[in-house]
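For reference, the structure discussed in these notes is given below.
By written order: A, B, C and D. Residues from 1 in each chain.
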Amino acid sequence: MASPTDLHAAPTAAVGTTPPVGTPIRVGIIGATGYVGGELIRLLAAHASVELVGLTGRERRGDPVGDVHPHLATTDFALESELVGDVDAVFMALPHGTAAQRVPELLGRGITVIDQGPDFRLRDAADYPRWYGFEHPHPELLARAVYGLPELHRAEHLAAGKARAAGTPALVGSPGCYPTATVLALAPLARAGLIADVVVDAKSGVSGAGREAKAEMLYAEVNESVRAYGVFSHRHTAEMEQELGLRGLDFLPHLIPMTRGILAAAHVRPLRPVTQAELDALYAEAYADEPFVTVVDAPPATGHVLGSNHARVFVRADERTGRILAIGVIDNLVKGAAGQGVQSFNLVFGLAETAGLEALPLAP
Amino acid sequence: MASPTDLHAAPTAAVGTTPPVGTPIRVGIIGATGYVGGELIRLLAAHASVELVGLTGRERRGDPVGDVHPHLATTDFALESELVGDVDAVFMALPHGTAAQRVPELLGRGITVIDQGPDFRLRDAADYPRWYGFEHPHPELLARAVYGLPELHRAEHLAAGKARAAGTPALVGSPGCYPTATVLALAPLARAGLIADVVVDAKSGVSGAGREAKAEMLYAEVNESVRAYGVFSHRHTAEMEQELGLRGLDFLPHLIPMTRGILAAAHVRPLRPVTQAELDALYAEAYADEPFVTVVDAPPATGHVLGSNHARVFVRADERTGRILAIGVIDNLVKGAAGQGVQSFNLVFGLAETAGLEALPLAP
Amino acid sequence: MASPTDLHAAPTAAVGTTPPVGTPIRVGIIGATGYVGGELIRLLAAHASVELVGLTGRERRGDPVGDVHPHLATTDFALESELVGDVDAVFMALPHGTAAQRVPELLGRGITVIDQGPDFRLRDAADYPRWYGFEHPHPELLARAVYGLPELHRAEHLAAGKARAAGTPALVGSPGCYPTATVLALAPLARAGLIADVVVDAKSGVSGAGREAKAEMLYAEVNESVRAYGVFSHRHTAEMEQELGLRGLDFLPHLIPMTRGILAAAHVRPLRPVTQAELDALYAEAYADEPFVTVVDAPPATGHVLGSNHARVFVRADERTGRILAIGVIDNLVKGAAGQGVQSFNLVFGLAETAGLEALPLAP
Amino acid sequence: MASPTDLHAAPTAAVGTTPPVGTPIRVGIIGATGYVGGELIRLLAAHASVELVGLTGRERRGDPVGDVHPHLATTDFALESELVGDVDAVFMALPHGTAAQRVPELLGRGITVIDQGPDFRLRDAADYPRWYGFEHPHPELLARAVYGLPELHRAEHLAAGKARAAGTPALVGSPGCYPTATVLALAPLARAGLIADVVVDAKSGVSGAGREAKAEMLYAEVNESVRAYGVFSHRHTAEMEQELGLRGLDFLPHLIPMTRGILAAAHVRPLRPVTQAELDALYAEAYADEPFVTVVDAPPATGHVLGSNHARVFVRADERTGRILAIGVIDNLVKGAAGQGVQSFNLVFGLAETAGLEALPLAP
């Protein structure tokens, strides 16, 4: 669980280390051909302080980005098999276990790394074999990595930013999509020590499953149907327990027929009776100054945040049952992946936290 | 909670009161213009023992069914404003509070009533003002009504059928869609007295919201989005608590972008540790002979039962957390409404329980 | 183009060759694991005159059908690698070029073949290399094969049925999905020699693309998007030209975000001015007695025929432009594939043409 | 048809009349509660040169924008019943016939008007009773109005901008969604005088039908279905004929199950044989310098432009049939409505044509 200090570090409007105008930060993307890669290009191409200098994808020497991401055909980027040229920072969007092997070399070259995968999210190295099935090759880096949820770890981001400015590149493990929605919904309760027991029942669009051809992800299989998956075994459970300071969290994800969006409904049995007024105060305190988290008073829909880095959080106490319901919604590819990575990047490079993330949600 | 005897009454292949071949049962539908009405026509038009003799819809004198239900344009039915002609049974698909006023007159004419609405589902008359906001006009009928979930109340159906054959028309309160999925998923656990606490998190297609024009149900509002609704207040909670013998059930429904289907995920904290083997035995015992309930060993999808009266149930014990997950999936318009009504009708009229419900699910 | 005689052969209610009750026709399915295979199982399992005795799928020795088609888990069929046991008829649902190689052996064993693929649809052997890229291995069978669109070729079906009863197994090339919708929409105009020029612009759900894992058919790629494909080169063009007796037909198919359904809009420039009254008479004459084709007077939706063997046809003359619009809608997996195959099978085996196809469409 | 000069006016990067930095243009929106209104807010709220000073919606005095457009809840705008305060420009998103009555008063106050409705799109006043069923109350304004498709009418926009700077407010009739997609696809052919005959078969998401509650636009009615509508009578036909200089254009729109996006497939019979090379040259000349129109060499999908002001155009000659196919895709709410309005606004106010429209498309 994030410490109170951490949670209260104010969002940054700008910090002293901002590069002078005219000296863009040189950024590369490793793994630019998937959905998260595409989102990173979309966001970073429009980021005023960024120069995208290298996009990599396997076996993609010289291919225009539009061949892989037709919606980006109007940009003039090309994909390369290997990252070429000097970069200040790299975003990685790779299968789990892959980034862990490549990061030390990048850090050694002074390159800040924002890893969109899970390889640097967990603090306890033992969680990797337990939940991901691989031994972490560089457990010594886990303590150094910042968990890239700025709303809970802003101070750590800023500290990493200071170190970066002093010559030590930063390493951010950007959170999973389900943990982002869930932890934002529950953090105020967890911090207040109110959770006796919690069931997290989440619903996700299918883009989280990635772009690889799998028969079970065909349109005809997904459309007009809903199913649970990852029963008792979803890897994101470890992150949620780590960030909420809980054990035995009951997490169940579902696949629903939509492309983007995650809704996490957290059903909480509190340690003591809690009033709605108390909840309102807790959540207002936690999120009043957050640029991307809005506490709402009607059940939020994922469609309210589509295509944006925004999150909506809703919390209600039930007098009849004595329970609390907390709901968080995000766009899994933005606040749940690429956008969140950019938010961390901004903090680490001393930019306005919202730089490149100003887009309002798209509806309907 | 259904008594064990009740639960174990064998499904009927045929019972002595079957009308002789060539004498179809004359059936009317009151409220034939909505989605449940359309499903009733679809199912009853193909039912070998039924003659559909009257379909009513407000202000619809003489309109061909195809004007309201274009998919049924090849049938030659017409809609009337009032039910005309003699009928043996009536299916009612009306807004809550409406059927309750009309049923006594129908029963008085010797007509068996299958009410697809909520007016005869609850045993405690006080639940109507509490959950539905109206005083029940005929509370004396609540004890007589059969809760139309044959898997739990088959013996009551058969008793009502005997009484019907002896001259007393039957009254069935056909279950709500969420309770059907939820109660089927949890009944074996409830009967075994294993539930300490349960969270029911359900996901529904939008056809359950009916056919009335509401801006919030427009395609552009529902598509590519998910949201919770009815927080702490959904009326179906009362039914679930009644049928499971629980109080303080935490029920949260969600609207997801699909037309048909309900998935109810029940997260159970058991009163004592339970093994998977014990669960398997409990569910096999409960459902081995049921024609419409299949216990499966992978998480079921609503797409596996689309367009059919089938339900799939899945149950798993989690060693790590000590919890139990039970999932039920149905097509909300068939097993959750019209199909279930026909199943009750079959029992009450001494027909094979599966008559008119033989269709396999449609996939993809 | 079908001859007038052909088109006017009356639908069969029953023909003398019906097997005696109690002697079901033994049927096998080769290629039972795809979407068309699943539909064949769904339909034939419920067909009163059929015993399904063999289902094959590659590398599937003994697998329960429910492993491949979870919606069919309540049936007790299993898949085999090879067809075993004696069968009277075989439905084939295989990639193009495959059936052509296996059919002679099956015919030689006296087995009637309903081929759901394209290998026996075209009369001119030269069309196979031109449109499909393979030389037909048995061009001598093309003249013998019946084009399985009963509404245009009923007399041929009945003749093949007579021959079958006399010992010569039948061979049916069941039409493609686009040609079914298109030819039904245009046949009355084509027969009347009214078409000067026609543009066929069609829209299809994605199930027609089959069940193979392809990245471009992932849910996230198909959802919320529409695109044309097969520009100037779709193989079904050959069938349409053959059946309509036209050359130079302009056919453009689109993929739209839905699972089932085809709508073909045919924009006709007529050879001479035509009135709506003339069109109404032409279409009424063509389809008044057809059990599966209904001429409607409002633009039909694919949702009006979902899950059924029904087609809807709509035709309108435009005084302003002098053009004619003809629209046909079907469910591509039923009337556009498996259902149509069963319809042909029924005719060839002397059964009621609608046997096993009685299901009304599913809506919403 | 636009004159060649018109078509060739270069896109503006910036023009001398740009207001000095620090003096934003004051903009109001009349009709801010619908889908186009929401898009206008989304775009203009992020427009660097705009200050949104008034949003109106019927009976909405003081309501926060988030009550009507939950995705915009993080903005601090409120809705008013009437436009209050001084504005330099007004966007109108009103039902047809309504804007025409209010525009003279606005122009009289020196306010530039961008009308997103049809009231100022047509040049011939007789087209209003013919296609829209109302007599235009101010036909004298039709000649003054600019048809707001900058790719064809850039010079007129710039002239209106000059007049505006000199004190005469501008009036733009922003094009319909179908005409935008269609005219962009066909303009190079029309300008070259190559079209003998054209069939335009278009497919649209449902957001174009607006936000009013209509039963036929319910999710359950639209999902998993496609249908044609507006047969021979769609009002946008008039615009297309006007802009392409054609008569008797055959236009057929379809409603498909998606929220945003229009694909127009134009099937052209050319006046003389045309080669692909000639088409490539024509389209390159027309669009090479256009910031929002990209000529692509594979059939474009609407998903390639989602949420953006981009259009994709594709053109192919078919040797076999001698026909030409031209396809245009847009997001109907952006390039087909609000975004196009902003593009016109930019030109008229001497801003960079792409100001506020820089967002890349969102995919998947």
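We take it that a contact is a pair of C-beta atoms (placed from the backbone, for glycine too) under 8 Å apart; a residue touches a chain by one contact, two chains touch by 3 or more.
In this text, all values refer to a predicted model and were calculated from it rather than measured experimentally.
Undergrad: Between A-B, B-D or A-C, which repeats the contact pattern of C-D in over half of its pairs?
TA: A-B
Undergrad: Can you give the whole-Å distance between the Cα centres of chain A and chain B?
TA: Going by mean C-alpha positions, chain A sits 41 Å from chain B.
Undergrad: Distance between chain A and chain C based on Cα centroids, please, to the nearest Å.
TA: 48
Undergrad: With centres defined as the mean C-alpha position, give me the chain A-chain D separation in Å.
TA: The computed centroid separation for chain A versus chain D comes out at 36 Å.
Undergrad: By the touch rule stated above, which residues of chain D touch at least two different other chains?
TA: Correct list: 35, 205, 207, 211, 220-221, 223-224, 257-260, 300-301, 303-304, 306, 364.
Undergrad: How are the chains arranged in terms of who touches whom: line, ring, star, complete or other?
TA: If you draw each chain as a dot and join those that touch, every dot ends up joined to every other.
Undergrad: So in the complex, the part of chain C that touches chain A is made up of which residues?
TA: Interface residues on the chain C side: 35, 205-207, 211-215, 217-224, 257-259.
Undergrad: Hey, which residues of chain B end up touching chain A in the complex?
TA: For this pair, the touching residues of chain B are 197, 199, 201, 203, 205, 220-221, 223-229, 231-232, 248-250, 252, 254, 256-261, 263, 265, 267, 269, 299-304, 306, 316, 318, 320-323, 325, 327, 329, 364.
Undergrad: Please name which positions on chain B make contact with chain C in the complex.
TA: So the residues of chain B in touch with chain C come to 35, 38, 42, 45-46, 69-75, 207, 211, 223-224, 259-260, 294, 296, 298, 300-301, 303-308, 310, 312, 358-364.
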